[in-house]
């Protein structure tokens, strides 16, 4: 069975299992809303301030809420020793990793797409003027979050304090990607399209995604099979 | 060429040798019962044969190939301590998933067939988390047999099975042997295992203290091998 | 024999440092920043050692993944710990210096921020190791994380620098002119710090091997 088909089978399995219980996605959404609420106390949301921090705020929400989904990614294989069965199957570690990453990507994206309008309402911000480019940045930033988070979910799957270790390891690595995503998002939410002085962030984000996707695919088998 | 050949396998956890120079062979069509105390290394050895971990020294060959090669993985069916099926999916969804992963021509049809053979066809759309323990075990068996592997590796398969599940498993194993498949099972339940086993191997502190054909004496007195070759 | 070499190297390092510090203290003060500028004699070498440690950690990690030889794993942890120590000292002394001269403990300038991120990455490596008990898995996963961390370092430095060109913050120490005859002091300090680093790695390696032996003896004892 071809690589792509393997990836899709794994992704479909993860999505079906998650959508049936909705545990991770509900927790993630609730957490996102809570953070948005808490931040409203952290500063006085005048239009000026909100516009300056919109990118930062949104990506903090996405990163933290996304971690809840990513944490479950390999953890869901632990009950009943399902991970054994996946490793024993004649699929490559890279396919297993990529399938899970894709499922996670869609789940985290779903949380983000719900959070955005809520953000707009809570903070009285019209964020739709550069919708297309905003979606592009959302996708690229979320993929960075997903790739690193899925890979580290595999690394931390059966160690102590997994829920603490995963964010601790993931966020420092993501600093450049989050930084770039925040810069781009702030501009786009304020209504400015990506211009010559911000396009470098876009290139960096794409570079980040490419490099870490490649490294993860290469190392996936090593991580999954001792 | 034997079906499964364990050639001088050592396994280290750090510097501690969990397995020491284990040499075993299982010919095609034979059933090897792997016995030994807790901590002797049975699970470790089975997992190395199945390809879940690599030996520190030595190698395992299944029909002459390494266990992790893609084609070899198709030939292996493994039942470990967990049932390795998803609680949130139905029995049919689980088996269809594994059918697809193993590249079966018609995953759904094979899934339905094996649900029938393990007596689960009536609950095929039930979620696994609602199953009784015996049903879960039978589904695990179905998963392992689904892709018609030629080598079956079972880690204490009879432990904590209800009678119906034991009967189903024994039937399937006898059929598999009749079809020329190779079985290695580790067990504490010597009686059930020795009914099926053509060969016996005793692991003691990571070493193969005894290996050879099973004899009527052993079947009559399962503790015999322990007494003669084990320690204490 | 090995210990004697280490002692000699260690003493040599300290001697060079002592002599050099003396020489640096006597150098004329730099026109723009005065005494503050001389911190460059210590910070630059410290960063040099930290970066060398990072590269060594990468090589050790890749080496382990390729060969499965645990010596590489021991090297990786030793080098990362020493690198982390140097980075910590660099951050703390930098912060104290900033407090002395400019009155603030911290500023989010490019260098400090990047250093902090790198510190977090390597601290994360050590935390990951602590959380995994089984030695082979620990070595493998740590090696993978180390590779991810190393790839991140240039991206972090570049993006934070670029962010700070767009949103400047107070800088703890700017360029200033560097007289060419001072270079030799810088290089001597670098040599001394590198030597120190090597000694520390060697000591740590020793300790790591001893620890592994104890662990395996303990496991063997359990089975008796």
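Labels A, B and C are assigned to the chains in the order they are written; within every chain, residues are numbered from 1.
Here, contacts are C-beta pairs under 8 Å (C-beta built on N, C-alpha and C of every residue); 3 or more make two chains touch, one makes a residue touch a chain.
Values in this document were obtained by computation on a predicted structure and should not be read as measured data.
Taken together, the touching pairs cover every possible pairing of the chains. Just to note, of A-B and B-C, the chains joined by more C-beta pairs in contact are A-B.
Averaging Cα coordinates per chain and for the whole protein, the chain whose average falls nearest the overall one is A. Here the CA centre of subunit A is 31 Å from the CA centre of subunit C.
Taking each chain's centre as the average of its CA atoms, subunit A and subunit B sit 39 Å apart.
Averaging C-alpha coordinates per chain places the centre of subunit B 50 Å away from that of subunit C. Within subunit A, the positions touching two or more other chains are listed as 226. In subunit C, 136 are the positions where the chain touches two or more neighbouring chains simultaneously.
For subunit B, the set of residues touching two or more other chains is empty. Residues of subunit B touching subunit C in their complex: 12-16, 39, 205. Interface residues of subunit C facing subunit A in the complex, by the touch rule stated above, are 65, 117, 120-121, 124, 127-128, 131-132, 136-137, 140-141, 144-145, 147-149, 151-152, 155-156, 158-160, 162-163, 166. Considering their complex, residues 50-54, 68, 70-71, 73-74, 76, 78, 80-89, 93, 97-98, 100-103, 143 of subunit B touch subunit A. Only residues 134-136, 212-213, 215-216, 219-220, 223 of subunit C touch subunit B when the two sit together in their complex.
By the touch rule above, subunit A contacts subunit B in their complex via residues 1, 5-6, 9, 13, 16-17, 20-21, 79-82, 84-92, 225-226.
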